[in-house]
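Got a structure here, written out as structure tokens. Questions coming.
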Amino acid sequence: MQRSPSSYPIIWRVMDVLETTFAAVWPKGGGKFTPYLMLTPAIVLVGTLVVGLLYIGDSSLRVLDRSTFLFSDYWTLDNYIRALSEPFIFTVVWRSLLGAVIVTIVTLMLAFPYAYIMVRTPSSFVRKFLLIALFLPFFIGQVVRAYGWLIILGNQGIVNDVLGLVGVEPLRLLFNYPAVLFGLVQYMLPFGVLMLAPALTAIPEEIEAASGSLGASWVKTMTHIVLPMAKPGLIGAGLVVLTLSLTDFAMPAILGGGTQDFIANAIYDQFFRTSDQGFGSTLALLLIALGSILVGIIFAVFGAGTLALDGSRK
Amino acid sequence: MPIDKTFNRRQLLKTTATVGAAGVFVASAPSILRAAEPDKPSEIIVRAWGGPWVEALKNGVSDRFTAETGIRVIHDLTEDNEIQPKVWAAVAQGRTPPIHINWDTTTNATKSALRGVCEDLSDLSNIPGTTDLAKPVGVDGYPIVNTYGYVYVLAYRPSAFPDGPPKSYHDLLDPKFKGRLAFYNDGIGFHFPAQVAGGGSLDGIPDAMDPAWEFITKMKDQNPLLGEDPDFVTWFQNGEIDAACTISTNALGAKKNGVDIAWTVPDEGAKFDTDGLWIPKGHSEGDLYWSKAYINSALTKESQQIWLDGLGLPGVVPGLTPPPGMAGDPAYPTKPEDFERLIRISGQIQVENESDWFSKFKTIMQG
Amino acid sequence: MNTNAIPAQTPAVSASNVAMQFSDLMAVKDANFELENGRFLTILGPSGSGKTTLLRMIAGFLKPTQGQIFINGKEVNAVAPNKRSVGMVFQKLALFPHMTAAQNVAFPLKMRRFDAKKIPARVLEFLNLVRLDGLENRRMNELSGGQQQRVAIARALVFEPDLLLLDEPLAALDRKLREEMQLEFRRIQKELGVTTINVTHDQREALVVSDQIIVMDNGEIQQDASPTQMYRTPHNPFVANFIGVTNLFDGKLMSASAEGAEVHVGDLTLSGILRSSSDASVLGSQARCAVRAEQIRIAAAPDALGTLDLTFQGVVKDVIFEGERLLYELSVPELGDEPVRIFHHDQNDFATHDVGETVHIGWMNRDLHIFVAS
């Protein structure tokens, strides 16, 4: 059976080129280390991030002299003391944290049934419809979507127009905390669904049928079988939504009406409004620490194995 | 910073055409240019605000400069507060800065001046012909040349004020304006009138500003919206707000879009501020020379007239004709008595304290 | 189990004109059968024959598009799976990976609201029944394939269902383990006396474990009989061919009576027993003869064959050693182009015929089944 060379998978050709290049560069061969060569781009990328972090760390230890707008040539913890003592920063951190947790919970609650129906529906039409409905806003982008909500929820927006028909005075639906959270949930929903769908696909339908035949009602099958088995997906989706919400900038900026700053907005102000890169760096590190602690807590509570990172699993 | 992106471009072109037709172009090469001229660069880069702003600058200054010198002018539309760290970094590292000229708020430019990254512009030949407004307050010499001023007016919707324009910021504490007011999200433009409204004195800035914070705390109970320049126009247009402390240009923009809107300077006064042009250090002698020539040309009466007709703002050379409808407007101060009700605080005091003021304002408003 | 007041004549399961249609596919057509209490039924058929669909209708996962299914005399068409007293062992076992063996087995008891105090003892009892004592705290990925099978059986039986359904759970096992588990199923089923329906495509498994076999093909029940009846008196060529290794010859029906029939195959006349009850048993119509591989005798000399009704000469084309027996493939020109397959079990005669050797074969007329094409 003769096959034309072009019928080889393209990835084989890529690997051939890589191997040839490697052999030319290092004729002796790298032995068992050769496969790790593939990690080079990732290591370079992470390395760059680390270097950036070192710079930010250095900046965070220098205070701005507002009579010369130069940073101190010595290190000091003043920025950290300021970050921990300024009530505004506490307000913003608490608002971001609480918001991220609420958004995560609500998003997961909405994403789960969405993903479940998308994965389980026997109708390919319904599945395609759900996928398109999911991806369309994905392509539109966060800022445009936020402006869309301004139009829909504004005092002269569609929602208030409809309320006006039944005699309700225009309501201020925008520029408050719920509006920001609402916008975030809508923004995060596709992330949640996309992270959950593979986890749900991995649960055989036969398992649910088995649960039913063993006497479990639909609700009990969900709570006792599907939810526990979907845990890796729920944790993964939760992590993504939590960290993205915690660090979000656009929704608080646009839907918050300037009254609902999250940490990222406070950082932006320090870097670009008051020219204080030192304090801005401090807040940035604070945000990184906060995110890392949250992820750490989740791993500690649920275990890294819930993400199927546990090598011992078959 | 500023302002709205909704300037009427057609209006601008019309004005330009009129001026052009009048044939008012006078070659005004300053005397320093006639001395030994260094080599011309092929182009210079001017950072500008986009939309109608850059359009006005191009018509009033850049195109005329190119016609006169043959040097192409590139407009870099990077945000002012985002170019600042790049310029600072370039100067600190001894690199050539990414721009030749920064069109900047005087407050931001003052930070750069204090940091020592601005070239001195004192020897520009057209400076003697300018008003006091051109001179930056609180810094030595001319690291920046102010090119026009603007007022943080109290803009309002006349239908919401049937008894006439609001006379004072106290009028806004009426419960019917709950949720119907707007300020800048860092409070800029409102700190100083609030100091007066709270019973304090302007001399108390920056050391005794409790009256301002007390008044702002009262204002917080009105649940105002907080935004940036483009937000004010949108909010007025969409009927979200009845009154706002904002730059007059935003109110003008909303008015040009057909919103019924007026503005006033209340009893407490209104913050007056300026924008200017400056040159970052680190350019070659020739580039510096021709960049200075650009700023010098921006200070001619002809350039100012066209540029500021586009912006609707008062310039820094005497004898300009106000844009239609702006003569005598509180947002277009020209005479000394016009300035009496305006609050002008030195750039140095502002830059040294604004970070604290912003933070304090946000603490109150978002607490 | 289930020694309740059901009258003896009421079948444990019965189907009446049951059909299942998926959009344009008729998966099951007009199925009728009855299964007595405590008996072991195997539904046997190739893949796509509709056997799994029929089982899933009995389990309640599918609702018949036509006809009725009865369990203990009650129509259950509209009864949800979790309301039926049916235990099921799934093809891929469908064990819960996030639970231990004991938790898996306890699950149906909890869901069916058994007395919580009695659950642990009951779970241990059934784990003992399937010989998993001591492994109750293992998770599924810590158990071997056979052990997982046993958990699945225990889980399906622990709540003492009226009916046990087996959906080809042994298909994925290797042959030795499969045969071991077949006997295990049989043992447990006998021990508990639970009515069982098993689905498989493995005819050997069907013969080994069942009291009753239903052969399905193409959505239709081909024959419903005991294993011995199924083997000895197949109703049609499909059944004859599906169970055991069978040689088929096509010809024309020449005579038919209760004692026997004659078919012309090529120039030969074959005598045998008419298995088809078709009305089309008209002389001269198309007929098919079937004779099983083990019912053909083979020998080097004609006199070594013993008394046979019909003998031929053939040439050995291939010899396949299958351990307990040999499979010969012969070319017999008189019987057409298809090779004739013969099983040979005579230990003393092993490997006496080589490829290319001319041999003599023959069979008894009573072993030739004749089917008339309908």
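Observations
When the chains are written out, they are named A, B and C in that same order, and each has its own residue count from 1.
Everything that follows uses one rule, which is that a contact is a pair of C-beta atoms (placed from the backbone, for glycine too) under 8 Å apart; a residue touches a chain by one contact, two chains touch by 3 or more.
Note that the structure is a prediction, hence the values are computed from the model and not measured.
The chain occupying the central position, as judged from C-alpha centroids, is A.
Greatest Cα centroid separation from subunit A: this falls to C. Averaged C-alpha coordinates give centres for subunit A and subunit B that are 39 Å from one another. The geometric centre of subunit A is 54 Å away from that of subunit C, both derived from CA atoms. Note: centroid distance subunit B to subunit C, computed from Cα atoms, is 91 Å. Those residues of subunit A that touch subunit C in the shared complex are 204, 206-207, 209-217, 220, 224-225, 228-229, 231, 313-314. The touching residues of subunit B, when paired with subunit A in their complex, are 79, 81-82, 84-85, 108, 111-112, 114-116, 179, 184-186, 225-228, 231, 234, 238-240, 348, 351-355, 358-359, 362-363, 365-367.
Taken in their complex, subunit C has these residues touching subunit A: 59-61, 80-82, 84, 86-88, 90-92, 94-98, 107-108, 111-112, 141, 155-156, 159. Against subunit B, the residues of subunit A that register as touching in their complex are 66-70, 86-88, 91-92, 95, 150, 154-157, 172, 174-175, 257-261, 269, 271-277.
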